[in-house]
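I've put the structures underneath this note.
Paired with chain B in one complex and with chain C in the other, chain A is shared by the two complexes that follow.
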Partner chain A sequence: MKKTLTTLALGATLAAGPALAELTFPSLSYRTGPYAANGIPFADGYADYFAMLNERDGGIGGERINMIECETGYNTEKGVECYEATKGEGALVYQPLSTGITYQLIPRVSADGIPMHTLGYGRTSASNGEVFPWVFNYPATYWDGASVAIKYLLDENGGDLSGKKIALVYHNSAYGKEPIRTLTELSEEHGFELLELPVDHPGQEQKSQWLQIRRERPDNVIMWGWGVMNQVAIQEAVNIRYPMDQFIGIWWSGSENDVRPAGEGADGYKALNFHAVGSDFELYDDLEEYVWSKGNAAGAGDQHGTVLYNRGLYAAMIAAEGARKAQEIHGTSDITPAMMRDGLEQLEMTEESMAELGLAGFGPTFSASCENHGGSGRAAINQWNANEGKWEVLTDYIQSDQELIARLVQEDSMAYAEENNIELACQ
Partner chain B sequence: MPDQLLFAIEVTLNGLMAGVLYALVALGFVLIFKASGIFNYAQGVMALFAALTLVGIMDGQVPFEHLINAVFGTDIHGFGWEVPALLAILLTMVVMIAFAWAVNWIVLRHLVGQEPIILFMATIGLAYFLEGLGDMMWGADIKTLDVGLPQGINTTIDEATFNMFGYGFFIDNLDITATIIAAVLVAVLVAFSQYTKQGRALRAVADDHQAALSVGISLNFIWVLTWSIAGFVALVAGIMWGAKSGVQFSLSLIALKALPVLMLGGFTSIPGAIVGGLIIGVGEKLFEFLIGPLVGGATENWFAYVLALIFLVFRPQGLFGERIIERV
Partner chain C sequence: MLYREAGDFKTTYREDSQTFPIRLDRTAYFLILAVAALFVPFVINDYWLNAVLLPFLIYAIAAMGLNILTGYCGQVSLGTGAFMAVGAYACYKLMTAFPDINIAIHIVLSGFITAGVGMLFGLPSLRIKGFYLAVATLAAQFFLVWLFNRVPWFYNYSASGQINAPERTLAGFRITGPETQAWAVYLFCLVFVVASAWICRNLTRGAMGRKWMAIRDMDIAAEIIGVNPLRAKLSAFGVSSFFVGISGALFFSVYLGAVEVGEAFGINKSFLVLFMVIIGGLGSILGSFLGAAFMVLLPVLLKNVLVGGLGWPTDLAAHLEYMIVGGLIIFFLIVEPHGLAQLWRITKEKLRLWPFPH
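And then the complex of A and B:
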């Protein structure tokens, strides 16, 4: 007994000794609450990727990764609390997975000098690195998503959308309203009519919106939804017999969770995506060997290969590669948040670099710069195959209308800079 | 007939159907408030928990599967069988009765005679506990609920109205089913409270629980009975709403749809919950149809409360609620 106590005391002393340098990546997750079904696969993918790097490579550049998970419940106040509670731990980059939390954190991360990466969500105009030097939203933004959807529809309609009617069913929030400006501009440019149909939070009751769609018979429906709004919208579309192949969701309306409740009826539904689907990648072999087979899978280990699990992996991969780049730039493995920002700003994802990571073709290629924090703005169209129960990739990555997006980003970000007396970076 | 009028009739019919679904949620609140004076904040979560339990039983899920695997290092993934819907509904009711008994035994019997606000706060705690318990027992993933209810457009109505007006009305088969079930449910509840011994005891406790106690009615039994019936109503609401969106944790938010119904119909009247639901359903749908496009849409959530407030100003006890007059 005495020996055991001595061993314990020695262990405790060693544990309390000088800490080894670690790279800290907070994970602001939501495994509980109304959006848990979406938060869990993302958080699992995020955690598994870092666990794999620790097991296989001993971390990044010889430094082990310390991932701190903090439960936000998709609640903005809790998200801010998580940020405040973890930023003192040496956090290198935040990924809040919530547009609401993102808006609250933008001024905070800017003041504290900690980078934030909002992967395909958050404030679109934050892609202007001159105004938002601490925020990154590559590889694509909401405005890119709206533009890609219209480009795809142009392709489907022989390059002409004049006289067509396109309905936008959107979550009545800052997130849902993001594409309106881009779609309005595009409707003027291409001559289609835009029908805006807001849905109140949380979106369990959408009869009015879908009766209107049934009456107005739009040629296409684009959806900007999240959580229960997606499942109800797809079910209502099935109920009114709207052709599913003319219904396109943003990437946050395109997971297995969104289509499965509608069963066979959801077959043919389309969604944008900025990364690959499925598990046919070399990286999955490493995840199996170093993490899952050892019983260390995050969560219940039942999300592997789903759209949102892959998105979590992708987010973690970008964070890890940003850290690796920062180590390379500054010649040290023990990087600070400011160094991490430099790494994220000079990050370049090429076909070769993704193949080296075991993720060949997993996402679009892009390179960031001081001015461009939004990436290449490319996204693909996926389609749900209900019979096989899986998403299929329908197109290559489609380039958004960069000229239009750049102009809109410039206008919006400069207005923000003026309102907040922000001195432009990159000068 | 002008198109706009046809559309308005279609919207009204769909509003009535939506109102029935709201009323189903409101009924659970009314039952408990009527019998015990408790505003049960956990009613929405009870609907979620009941639906989760139903799907879990139907799919042969092992309760607390993730927890068991994490603690004991096992690799359990379900019992490997499927349970027919009807049997699963009966088993879920057993769980809801056990829940009602546990709530009464562990929480409520210690709070008899306390201020209503204390009891209300107890139900807030209960709501969060039940949500966490549901998560641990059945997991947080979205579950497909298929108890064989018909869904999608009713083709008979579509064709008949098309032949009559040249425009086919959309009425969802699920909404029609919900309306029939709600009608049967209300009839059974009214018959139960009017013609059975337990029902009369329930009404006696609702009128004056001290007097009911003095004639030998067991308060514990009546409260367990009330919470069990509310559990059954929650199960029905959970099935109807879960069939629309899958069973997921946002199901607990359907309680928000019941509040304006209760404000309008009164907290103590079963017919009030139904009529309130219908008025709210039709009111919000027609307002969205007629005024929504002029103000940017998405009016339904707030308009339901505005409508309820207007009724409150003129009838604070709600349309069918009991008027409480306190003289000093």
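And then the complex of A and C:
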């Protein structure tokens, strides 16, 4: 009896042994449901990047990467299930790709001591690392996005937006409501009128919102949409003949899958983006050589080079670089989530470091610090060219109004800290 | 042979009318209770708590609540999600307004608040029946969700429109917030489930439950024999919403901790709970548990088997999960329209005769 028990215990440790030495990155993805059209390319990019690192370099710092995919369906309950299922496996960083799940996980990761990186989504005020030491949302936040969009419009209108009417079509959830605070402030500052038009989950029904736009004739429409809502909104805008070049989407409303269904009509639609588009990067050669050509591409393998595929690559790249930085700081290849946090906190993205990774000029440069988890807050405007079927980069990276956003972040995060009795870090 | 009434003599009325008249049932009940209360807390971990047991326990309360209304009183409701939202938001407002008061009291109070709201939306049931009532409750579903989204007072003017459960304790143990211990949270919910089941079971066995069933079976006949339809229907709405409200409060404060009304308490939730009741068995407390278990545990089990066990791609597994659960729902409805509880009843009948069925 004793012998059997020992054998069992030995077997258990042996089975658990190799898993411990790996670097575990959970991928909370959604390939089903109303948000799948956007969830799939991101998840594919995320998986392919790690697969490529495993094949090309044997992982990060000699440690193989173990990516665990878990389907959330953009549903918070399933998200919690995925989190609990993967956290025991030594997950190093969570990237849930859902603002709802992010809100759910912020207190949990803070309690469990696992970092979370929300790449251009999630809770904007989490960019204050003093209050949210475990949460990172660089390179840009929603409030940066709102500010950049208004800056761009200011530029277009000769620096004056007074008397203009700007409509915000948003997903009626924590995600869509994020920019309202910033836009309200900006509307007071610049004297434009803000028209708020919420669209309920999942966003297939938007007739009344677009009827209102037709009646009110706003000068510009800004959209905070995701999933099927994007496609429907762009189609509705085409239906009411709203001028596409006055319609700007946030970076989550600017992928090929969003504009293609509207065909020619979507030509000229604009969207923000915080990274480059297309497949003209050295990294793509490595992906081809080590992953795709071997038939190991994630998913159907038909999303390569799309906006959201690139964003998945970007998210994985930041996670991998965070891990590399952590290994460097702590002098060990087998890092823990706490070490991973240090890595993410001292992460620096320069032109050189991106070029080294085969992603020259891929994203804005930024450097994180203990206080600043929000990156440099820069984004570019892209425009859809329906004839050629691709996104064109219209502007350089535009810097958001840092002063305003810093003030808003401070207000919101301090209120959170007070509500939850959080002791400020970085002191 | 094993499962039988023979030899189980009752000498008092009290013994004769107890909840579990057969000794084996009684033993099984106390055994399950003992395992749930004395064994599970020692082995429970975060995964089992958050992915399996909490949703099961909380949905069981919601299903019991809806079962009282739909199963016992015959009033179809599609507003369960909204009533859960009322419970959640009531709990949130109470938690933030009176931080020093015990969380258990807040949850019970949210139940009472939901009961009030439920009775208000139950008023149309006095005039309209069947499908038309379902549509009226559907209005409650959409109106309440809209209200919680629209009026910032309900979410304390937070920028995101989300509500977050602050940390609250009970007798020194953390019940809500991120730094809870699995066993404490589990026991907290278990107490609510057991108490709810006990109250529901006894309500439905008493005069009140008989009135509800009389209304369900034929309202005109019930009226003629002296059942006041106003009282019976409104009490069913009130009691049902009370339990649904408690489950909503637990769902928000203990289980998820942060909630967005449209996503967490949308029409999908109403259908989910209605499916639990239909699959579990209308008019059965056990059915509420079985239905909740079926709808909550089966997807988790399938996911773990297909993705964790067989290593299939997650999207394939997710699609298969829909198909299997959907197929099983249709299968059960065709083979046993009265739900899993009826299957259990038939099993018991068979067991009584076994091994000599003739």
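The criterion applied here is as follows: the second predicted complex is superposed on the first by the 407 of 427 C-alpha atoms of A that agree within 3 Å, B and C clash if a C-alpha of one lies under 4 Å from a C-alpha of the other, contacts with A are read in each partner's own complex, and residues count from 1 in each chain.
Note that in this section a residue touches a chain if its C-beta (ideal position, glycine included) is under 8 Å from a C-beta of that chain, and two chains touch if they have at least 3 such contacts.
Fair warning: this is a prediction, and the values are worked out from it, not measured in the lab.
Superposition of the two structures on chain A leads chain B and chain C into a clash. In the superposed model, A:R31 makes contact with both chain B and chain C.
Looking at the shared chain after the overlay, A:N172 reaches both chain B and chain C. Once chain A of one complex is fitted onto chain A of the other, the partner contacts of A:V228 are limited to chain B, with no touch recorded for chain C. In the superposition on chain A, A:N257 contacts chain B only, with no contact to chain C. Looking at the shared chain after the overlay, A:V238 reaches chain B, while chain C stays out of its contact range. With both structures placed on the common chain, the touch criterion links A:L197 to chain B but leaves chain C unconnected. In the superposed model, A:E77 makes contact with chain C only, not with chain B.
When both complexes are aligned on chain A, the segment of chain C among 60-68, 78-86, 114-122 or 132-140 whose C-alpha atoms clash with chain B is 132-140.
Across the two superposed structures, the residue set of chain A contacted by chain B and also by chain C is 31-32, 36, 40, 172, 198, 200-201. Considering their complex, residues 45-47, 49-51, 55, 149, 159-162, 164, 166-167, 177-179, 255-260, 262-264, 266, 300, 303, 307, 313-315, 317-319, 322 of chain C touch chain A.
Note for the complex: chain A touches chain C at residues 29, 31-32, 36, 40, 69-71, 73, 75-77, 80-81, 84-85, 87-88, 99-100, 103-104, 106-108, 110-112, 123, 125, 172-174, 177-178, 180-181, 198, 200-201, 299, 412, 419-421. Per the touch definition, chain A reaches chain B in the complex via residues 31-37, 40, 172, 196-202, 204-205, 207-209, 211, 214-215, 227-228, 231-232, 235, 238-241, 257, 260-261, 263, 265, 295, 300, 302. Looking at the complex, you find that chain B touches chain A at residues 7, 10-11, 14, 18, 66, 69, 73, 131-132, 135, 139-142, 144-146, 151-153, 170, 172, 241, 244-246, 248-254, 257, 285, 288-289, 292, 296-298, 300-301.
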